[in-house]
Amino acid sequence: MRNVSVYYGGIRALDHLTLHINAGELVALIGSNGAGKSTTLKTISGVLRAKQGLVEYRGEDISHAATDHIVAVGVSHCPEGRHIFGGLTVRENLRLGAVARRDEQTLQRDLDWVLEMFPRLQERLNQLGGTLSGGEQQMLAIARALMSQPQLLLLDEPSLGLAPLIVERIFQVIRELKARGLTILLVEQTVHQALDVADRAYVLESGRIALEGTPDALKHNPQVEEKYLGQG
Amino acid sequence: MKINHSRLWSWLVAILILAVVLALLQASGQAFWQGIVINVGIFIILTVSLNLSNGFTGVFSLGQIGFMALGAYGSAILTLPLREKAEYLPRLPAWLAGVHFDFFVGPFPLGFMLATLIAALLVALVALLVGLVLMRLSGHFVAVATLGFLVIVRVILFNADDFTRGSRTFSNVTPYTDLWWVWVWAVLAIYVVWRIKFSSFGRTMFAQREDRAAAQAIGIATMPPRLLAFVVSAFFTAVAGSLYAHFITSFSPTVFYFDLTFRVVTMLVLGGMGSVSGSVIGVLLVMALAEILRRIEDVNQLYGLSGVVLAVIFILIIVFRREGLLGSREIPFDRLWQKGGANQSAVISEQ
Amino acid sequence: MPLVYYALQQVINALSIGSLYALMAVGLAMVFGILRLINFAHGDMMMIAAYIAAFALGAKLPLPVAVVIMLGGTVAVGMLTERVAYRPLRGAPDVALLLSSFGVGQVLQNGTLLVTRLMQKPILIAFPAPEVLSGAVALGPLTVSRLNIVSLSAGVVLLVGLTLFVTRTTLGLSMRASAEDLVAARLVGIKINRVVTSAFQIAAALAAVAGLLFAVQAGQINPYMGFTPVLKAFIAAVIGGFGSIAGAVLGGFVLGALEVLLTALPGLGDLLPPGPVADFFKTFLPSSLTSYRDAFVFVALILMLLLRPNGILGKDERET
Amino acid sequence: MKIRLLVFALGLIGVLLLAACGGAAQPTSAPPTAAPTQPTAVPAAPTSAPASAEPIKIGGGFALTGDESVLDLPAANGAKLAAKEINAAEGINGRPVELIVHDSQYKMDVTAQICKQFVEQDKVIAVIGFTDTDSVLACGPTIQKAGLPFITAGATSPKIPTQVGDKTYLACFGDNVQAAVGAEYGASKFGKTAYLLWDKGVEYTTLLADYFKKRFTENGGTIVLEDQYDDKATDFSAQIAKVKALPKQPDFYFISAMPYNVGPVVKQFRDAGLTGPIIGGDGYDTPDIVSVAGKAADNVYFTTHALIDAQGGTEGIKKFIAAYNKEYGHDPENAFAALGYDTMYLIADAIKRAGSTDAAALLKAIQDTKDYPGITGKISFPDGAHVPQKGVTVIAIKDGKFTLGVEMVPEKVPAP
């Protein structure tokens, strides 16, 4: 992502932002509310359009590609607030996760794999998405995002509003996914935990990269400590 | 409120010019052009008042023509001569059957004016009641609900045979409406709506149109401005209905239905939702265009052509210039005569 | 027992008209769900279908061929309107979409008027009803019109088919998903344009079937024939909760029943043997009340919007 | 940018207004709404009549488009044919006649407008036209106030002259006459019980039903059930369900309907298995009844002004059919073509006798009309009547064709 600027109406949300993610890396994006974290993810997945700049994925310019194309080439965005389809069953939700894929044969294999990772969903396959608990919904959202067989997973606030125990479980999953070689861009408010799993992290402030570095380096940066880690 | 004398002066100059034009037209005896100018005036009242309710507040009502129908029937029943009343509406209740608003003060038909006012005030009352219920809704649900109101009015007019003759022609209405009547009302409607726009009420209307939640958050109650706009709009719409009734002299409920609604909405959207001067321009453009197209239609018998062209223009506006010609800006005709005024602020911007 | 037949007859009427309303309302609901567009031009799709069918049948084409032409033509018009008048308005306020659909309706109506004019046809043209859809069949002691039977069965078949489509196929699931959450639908990679186009195609096809049946019933067609049915379909959709397909079906049948009740009950006084019961009906439900039916129905609509804006089956999650 | 917008908008208005002026400035010889379907309109300056003489202008108000056009279009064509024939035969008192036709679109506001246009712009000396009572009520008062004579071709309400005024005449019989014929015919042919259904939204159908009921019950008949529907209804299932719930079907059904409802209502009655005889008024006189209802239209009877049939008709009718066919390329659609034709000749005859186009003289001449031999029957206005006494034709539909039942004068006519 190079030199990207994004506007909401007249308001600039991203200001000449440049960042990159290497294959297999888990990169965390941290920053306060309104810093542009979610906007960054939305711009990558094509929900928002960059007014200037370039979004490149594996050498392909996807700045103007349709979202479905971006998903098809392997970028999957698991949005903030989960956005599962409440009126559809869990099975249907998962099936739609794979909607952009062309290879129907491996679908069942992936479904098994995802359900293995989230056994809770297995039990609730035929239940409506809307009847699941918050944690289950988050798992469903991640599972759905995985169904598209992504190479790059964009995770937006997966721990938001969840009980600590479940947050723990989510991060466990994230580690698992990382171990499987998935590239992940993680947006998190719980900065500690994010930095614990990340290989690298960016700190965003009003649409610009304020800092960049390894988790260790950032953790010891006084600015970060004061602003984002606080007492916690 | 402090009155700005140069502005008042501008209003007076504008009205004077209008009066001279009308007098010349009156003297010319050109019945055709008089008819057109009367129609323009009536549509200006309709569009400007629709703008007040739909444009300023953003609560898109499709039921205004129902108020027009009520105004038309209400005042026509009051002014219908007694002989015609007995002949056409034999089952009117006694207290109405004997009423004939035909008093004159010299050549001035005071009865017509009273009938118009009574009908319009009653309609405003109806609008208040309807508004209390419907103005709670937002977005397109208001549109559907107010359209429902239009249908209900139509059904009632169809079925209240004793008062309206049902869907049969209501005829023999005295042709009181002339250039002066229409344009006095039109100027009044423009003036009132203009003043509302630049009053604190007007500002709250626009504020809650832009963002209802934000307006509520800073303590603006959305109901009073919406209701005020709806009721005042209904009042003037009913006046237009009365003028129209006493102009065309024969009508049936079908006249006041969706065709007319769409025509007025087109004028509003073309001119710009929120702009009074835009509405006037919208009326002039659509009327001129419709008249030209009607001629082409008549010569070539291509009925439907004008409808297609107007609707296509309408869609193009919605797609490419959603705010209409003027948006919510105004042509400051009340400052055109001020020295340098036109240069300083050619267009007043509302936001 | 004529009164029993009267009741049975009214039930059949309710089901038959209800299924037509359901067909219309489902089309509205599908489009509304995805685009938040209240499509005023939906009734005009019905009208277009009736005209295409009239010309095809008038040219002595067999019914199945005429139906295929009708479906094809109407679907094409539906897609065209979406491309021209709604797609450029993605992301615009609700009212802009609504107004645009007004414009589309006016174009279709006046365009039809113009075309019939150019073809030297009168405004009101007689609909050449196919033989299969005319006449009555004896069902035991009841005589039921063929049209009623066809309307009801067409409604049931199409609605069942549609249910299978939206629960079993990926495209159908994508539609439901898009209706639920457009952003999430995009994020999982659903091709929104394709979904929207399909929704318009299906809506147009359903409207086409309803249009054919309405035209056969009315016996004649005119460019404005779509206006009242689309208003009724709005009501059905609102009753069921705008945007929900199951709700729209239910709303259609509820509206059909409501309408028939409002016409059947006031008529009862004339049919009952003279006595206090008949007098009661004649006093409190005189048959002249029947013509207020639409007013009652629209009052119900407004009440519904106020009290249960999400319909009988609707959920409150949309409330934002 | 804002100024540019302003200039643009004002400029656009200016251009449009100029264009409108240009349009208006055209000579009014081709009036804005003169519009039959055929391009061969009435020649303004026909060849046979002295071209130098100023034409006599007569207004023709007809709903050439809209739902009533199935009756008005033939009537307008008939009137234009008559005008053409008159001009071919030296005109009226040496002056050609110019029939200025405007389309009322069957909208009451437009109707009122075009009638104003007749008076204010076209400066006609008389107005003819319309086949429905509502249109006459919309147009009439304007003509009445201008003091001009107005003859309606096919509006049959006998109340018109009292409702509109003393300058209005009918060229056709009144509804009380045809309703009486319907009632007497039904009673004698089918029996003494009837079902009555009417369109409650239209003057004509309401009056016709009313007169029928009066005459039928007075004649010893019983109405077993009466019902009504909204104008332009397309679904009659509610009414039909009630008929079917009757313990015993009546001897016949009298359905008072507008031409645009006739086909559907008959068809739906038959579709529901109600096969008894249906009787109606002259609103049934449209080819649409057969094209909509098809075979279902059999066993339908209706009262009208004349049977337009090249075999069964009178000499005058036969000649008229031939002339109409030559002019328009097809036979007259219904009796309203003949009524339009008669109306034009009727006014021409009065102008000839009056010897002037002065309104008062013309009105007197119309009132004095005695036994004018129209092709739809003899026309007189005896004793100050404004509705002529004419015979009524009953037509039976058989195998999808109009056939002559009887020609009748009713025994007794209900008061208007």
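Here the chain labels run A, B, C and D in written order, and each chain numbers its own residues starting at 1.
One rule holds in what follows: a residue touches a chain if its C-beta (ideal position, glycine included) is under 8 Å from a C-beta of that chain, and two chains touch if they have at least 3 such contacts.
Given the structure is predicted, the values throughout are model-derived calculations rather than measurements.
In terms of Cα centroid distance from the overall Cα mean, chain C ranks first. Centroids built from CA atoms put chain D at 36 Å from chain C. As a whole-number value, the distance joining the C-alpha centres of chain A and chain D reads 75 Å. Inter-chain centre distance (chain A to chain B, centres taken as mean C-alpha positions): 54 Å. Looking at chain D, residues 37, 65, 200, 230 sit in touch with two or more other chains.
The set of chain B residues that touch two or more partner chains comprises 158, 301, 303.
In terms of inter-chain touching, the protein chains here follow a pattern that is not a line, ring, star or complete graph.
Working note: touching chain pairs come out as A-C, B-C, B-D, C-D. On the chain A side of its complex with chain C, the touching residues are 45-47, 66-68, 70-72, 76-79, 83-88, 92-93, 95-97, 99-101, 130, 144-145, 147-148. Against chain D, the residues of chain C that register as touching in their complex are 2-3, 5-6, 9-10, 13, 17, 120, 122-124, 126-129, 134-136, 138, 143, 145-147, 214, 217-220, 222, 225, 260, 263-264, 267, 270-271, 287-288, 290-291.
Per the touch definition, chain C reaches chain B in the complex via residues 36, 38, 84-85, 88-89, 92-100, 102-107, 109-115, 117-118, 223, 227, 231, 234, 238, 288, 291-292, 294-295, 298-299, 301-302, 305-306, 309. Listed in rising order, the residues of chain D touching chain C in the complex are 37, 65-67, 69-70, 73, 200, 225, 227-230, 234-235, 237-238, 241-242, 244-247, 260, 263-264, 267-268, 270-273, 288, 291-294, 296.
Partner chain D is touched in their complex by these residues of chain B: 31-33, 35, 84, 87-88, 158, 161, 166-169, 171-172, 248-252, 254-255, 281, 284-285, 288-289, 291-292, 294-295, 298-299, 301, 303, 325-326, 329, 331, 346-347.
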